[in-house]
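These are the structures in question, set out in turn.
Here come two complexes built around chain A, the first alongside chain B, the second alongside chain C.
Then we have the complex of A and B:
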C-alpha cells in the first residue's frame, strides 16, 4: 500500500505521480496499491503522517514504514527500495 | 527645502532582545525576511526563538517556529533553561512545527516545499500569526544536493513570505568555504542579515553579533559582544552613553603620610589609582596600606586579589606592620580571591559587580588588574572592563588597581585602557646601584593635582613602610646604603664646618682683644709723651724767664753808666731807678 502526497499541480509532484504510477503498473512491482493525496486539499492528513515535503511517497504496508522523498525520477532505485525488507 | 529619504521608511517589529532593538532602531523588518547566519552553537536558534517569544510579549503577535534541525521537545527544553514557559505560550500564540525529515526517509529525486508552505499558511491564518521562523533550513535543503534547486526553494519561501505578509526569520549554519559559497546568494535576497560568532580565545568564549545588512534602514554595524544569561540573549549592556557622576574635592589617604603630601592631600575620593611596577616592588603593600587607612576611617573596603589567597596576603602585609585581620573580623574589610583562568571575562566582571553590590565598599583594591589584561585582547573584554569601571565611577568608589609592568610604556596598560582612565598613576621600580637593589617610587601622573615629580625611596621594614628622600649628588641618585653613607658624610662635613667657624670666631675675638689692648698701650704712651712735653715746655719757659731776669739783674749789677755811656747801644736807657746803681 503506497500513499503519494503531492502539492497540487507542482512540477515535482506531477512527475512523482507519473513515476509512481509507472512503478506500480510495471511488471516487477508486486501489486502495490497507490493512493494519491493532495496536501493542499488535505493538509491534516499530511500532518498526521508526518509529511512535510512534497512529493513524498509513503509505503504504508508492508511494514516497516518507508518514506521516499522526491519526484521518484530513478524508478529502478525506488522499486528496489520498495521491495526491500 | 524638503528632505526626502531614498527609501520609504521600513516598518519594524521588536524582537525583545535587549540591545538588538536599539542597534537596529526598532527591531526586524516587518513583513520582510531576516537571515541569521552563524556557525554551530552560535545562538542562532536562541536568537530566533527569543525574538518570537519576547516579541510575543511586547507586541502580542503570534508566531510559528519551523524546526528543521531540532525536535520540538529539544527546542522547548533549551528554551526552558532561559526561563521561558513555552508550554503555556504554545497553547495560544506559539506553534512548533517539527519539520525534520525522519531518519527513515530516503531521497529519490527532486522535491519542494510547496506542500509545507501551504500547510503553514493555513496554520498561520488560523492562529493569526505574524511571525515565522525557519530554523536550520540548510539541513533540509542540503538534501536537495543541488544548488539550483536550493536557490529555487529559498526564493519560494521569500515570495511566500511576501505574499502572506509574515515577518520571517531564517537561520542558516555557515562554516566551511563550500557551504558559504553555496549560500552566498541568500544574503542578497533577504532584507536583513545578522551574523553571530562564537570564538574561543585563550580558553575563554566570546560571543558576538553583527548586523551586516539592513535594507532601507540605518543600523549600527559594529560587532557587539553578546551574553547568554539566565533570561536569554542580550547585547552586552554598554552602559550610559553619558557618564554622569559627582566629582568631589575630598581626599583619601594613600596610607603613607609622605605620599599624601606629595599628592597634596592624598588620592581624590572616587578616583582610580594605578600602581604599576615589576614583581616584588611592593604594589600589594601599597594596596594594603590604602586598605588599612580606609578601614581606620571606618570605611567598608573590598580587596580583590587574583591568584593569591587572602590569608597569604594578610600574612605578608603583617610582616611589614600592616594588620588587616581585625578589620576582617569587624566586617569592614572583605577579601575576595579568585582565579584568572576559568570563567570568561564577562562572567568575571559580573562576579566582581555582584561582590561590590553585596559588600557596598567605599574603597576597592584590584590586585592585580593586569591579571585580566591577558584576556582583554578581544573587544568584548575591553567593553566589559570599561563598563565595570564606569559602574565603579558612578558609585563613587575609590579604586586602587595594581598592574604588573616593567616599564612605563607597555602594551598591557593600553589593553585595559586603565592608564588613560587612571587619575593617579604611581610607578615603583628597582634601582640597582653599588651592588644593591632599592625601590624607587615616582608619581607618573596625578590629574587635578600638582604633584611632586621627585623620585622617593620606598623602604619596607617590620616597623612599616616609609618614603625617604633620595639625594641627587654629582648627577647620581643615591639610595639605600649609598644614601646613608652620603648622609653620614654630609653630617660630618657640617660638623667640621661648624667647628671651623667657631674657631675662626675665637681667633678674631682674640685679635680684636689684642688690638684693643695695643690701642690702650699706645694711648698711654701718648699721654706720657704729652706730659713730658708739658714739663719740657714748662722748663723752657722758666728758663727763658730766668734768662731775662738774670740779664736784667746782671745789668743792674753792672754800672748803669756803662749803659748810659754806651748810649743807645745797650738798649733803652734805664729810666726808672730800678736797681740800685
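Then we have the complex of A and C:
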C-alpha cells in the first residue's frame, strides 16, 4: 500500500504522480496499491503521517513505513527502496 | 547485539537515509510545498518565494520612507548601504557614498565623538556630519551591531536623526522657561524697584521743594540767607545720601534683571562667582520668599566656576522658586530656605534646601523628566528642572536631589572650577587717579545723561555735549578735535557704531578716541561690535567717581 502526498497540480507533484503510477503498474512491482492525497485539501492527513514536504511517497505497508521525497524520477532506485525489507 | 538492538539500529539507519534523500530532493528543487510549522498548513514554495519578495519590498519601502537616515557600515566602518533620506541630509547621491569611510562624512568634532563612542560601545550619540555644501548638521546617531545567523559581528547599523531643529527648539524652550520664571517674578521685581524709587523721588523732592527756596530765597534777586555748615550737612546731604543709597538698590535690581534676560545666543562661558549669582537669584525671588521662609546663607570660600552667568542664574532661581513653592504661605518664621556653597574634591557644591513638603519617593525619579509637574495645571510647565539639569550637565556638572516627605528637599548642584588662566582675567577695581585736563565730546540722545556727565566732568575737563551722532560727526568734519569722545551706543537716526564707522573714514584718530556708553540691553550687532575686537565701554548706570576714574585713566 503506497500513499503519495502531492500539492495540487504543482509541477513536481504532477511528475511524482506520473512516476508513481508507472512504478505501480510496472512488471516488477505487483500488488502495490496507490492512493494520492492532495495536502492542499487534506493537510491534517499529511501531518498525521509525519509528512512535511510534497511530493512524498509513503509506504504504508508492508512495515516498516518508508518515505521517499521528491518527484520519483529515478524509478529503478525508488523501486529498489520500496521492495527492500 | 540483541535482535531488538539490531532492529532499532536498522530503523535509525533508514530514518537517516530518508532525511538525506529529503535534503537531496530539497536541494535539487524537487519540492513543491512545505508545511508551515505555526499554521500547520502547506505553503507552496513558489508562493513562499513571492511572499519573500513582497516582504523584502515592504522592508525596502519602510527603509526608504522613514524620516530618519539609515546607514549600514561594514567592519572597517565603510558605508555598505544608505537610504535616500540619509543621502538627502548630506546632499549627496546614495550610490556615490557607498564604499567611503563614514568618518569622511563627518566634521572634525564628529570624528572625535564617533571614535570615542565606538571604542566605548556607546549606542546613542550626538555627532555632526558635513553637508556637501560645507554646513554642519547636528544629528543623533543610534547604533546597533549587525550579526549574521551564527552570531558573528558583520558591521553596524545606524539610525540617523537630524536634530538641528530640535536643538533650536531646545534653546527656545530654555529661553521661554526663563521668561516664564521672569514673568512670575515680574510683579515682585516691580515692587522691589518701586520701593527704593519712591525713596529717591521723595528725597529729591524734599531737596528741590523745601530746601532750594530756603537757600536761594523765594525771590531769586535777594541774596540767600547765611547757612551753617552743619545745617547744610543735615538738611541736604542726608536726603541726597538716602536718595543715592536707594538708587544704588535700583541699580542692583536692574543688574539682576540683566543676568536673567540676556540674549539666548549668548551662551559664552567664563569664570562665574556662584555667590554673586545666588544673591541675584535670591533678590529676584525675594517677594515670593519673604512671606514663606527665612533665608539662611552659608557661603563657604569657593573659587569661580566655569559657567554661563545667565544660565546658572536660571538654575539657581528655579531651585529657589521651587523651594519657596513647597512652603505654605504666612509662616515665614517656622520655615527655612538654606543656601550654601562649599568646595569638595575639586568641585564647587551649591545646595538649596528647604523645610517644605518634600517629594514622595514615587515622584523622586521623575522630577527631572520634561513635562513632569505636580503643580496645578497652568502653574508650571514641567520643564524647569529638566532644563536646569541640562544646563548643569552641559557645563560638566551635576544636579541631584535628596528629599524626605514632611521634612523637605535638598537640591545639590556640582560645578566645575573655572580654568586658572581665565580666573586671572577677572576685572579688579581700578585705583582712582585723575589725569590731565582734556577736551571731551559727549554724545547721547538722552538729555539727562548729557547733563549728568557734563556736571561730573566739567570741573576737571573741557566738555562739549551733543544729542545726536550727526552733530558729533559735523563737529569732527569741521575740524574740531577731542581727546576723548564718550558716545552712546544705541541712538535713533545714527548709532554710535555708525558714528565710529564714519569717523574711521574721515578722522580715524577721533574714531580711536571713542569710549562707548551702553545701557546693557543692546542688540546682537552691538554686542559683537563691543567684543570683537574688544572696545572700551562703560555700562550705564555709572557713578560719577567711576566715570571720572575711567576718563582720567584714558587721558593720562
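As a convention for this text, the second predicted complex is superposed on the first by the 85 of 85 C-alpha atoms of A that agree within 3 Å, B and C clash if a C-alpha of one lies under 4 Å from a C-alpha of the other, contacts with A are read in each partner's own complex, and residues count from 1 in each chain.
Keep this in mind: a residue touches a chain if its C-beta (ideal position, glycine included) is under 8 Å from a C-beta of that chain, and two chains touch if they have at least 3 such contacts.
This structure is a prediction, so every number in the text was calculated from the model and none was measured.
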item	value
Touch count on chain A, higher of chain B and chain C	B
Touching partner for A:78 - first (chain B), second (chain C), both, neither	first
Partner chain(s) touched by A:69 [first = chain B, second = chain C, both, neither]	both
Touched partner set for A:13, first chain B, second chain C, both or neither	both
Contacts of A:61 with chain B and chain C, given as first, second, both or neither	neither
Contacts of A:40 with chain B and chain C, given as first, second, both or neither	both
Which of chain B and chain C A:52 touches, first, second, both or neither	both
Chain A positions touched by chain B in one structure and by chain C in the second	6-8, 10, 12-13, 39-40, 43, 46-47, 51-55, 64, 66-71, 73
Partner chain B, residues of chain A touching it in the complex	5-8, 10, 12-13, 15-16, 19, 39-40, 43, 46-47, 50-57, 64-74, 77-78, 81
Interface residues, chain C side, partner chain A - complex	11, 14, 18, 21-22, 24-26, 28-35, 40-42, 44, 46
Chain B residues touching chain A - in the complex, by the definition given at the top	99, 101-102, 104-116, 118-119, 122, 140, 143
For the chain A and chain C complex, residues of the former touching the latter	6-8, 10-13, 39-40, 43, 46-47, 51-55, 64, 66-71, 73
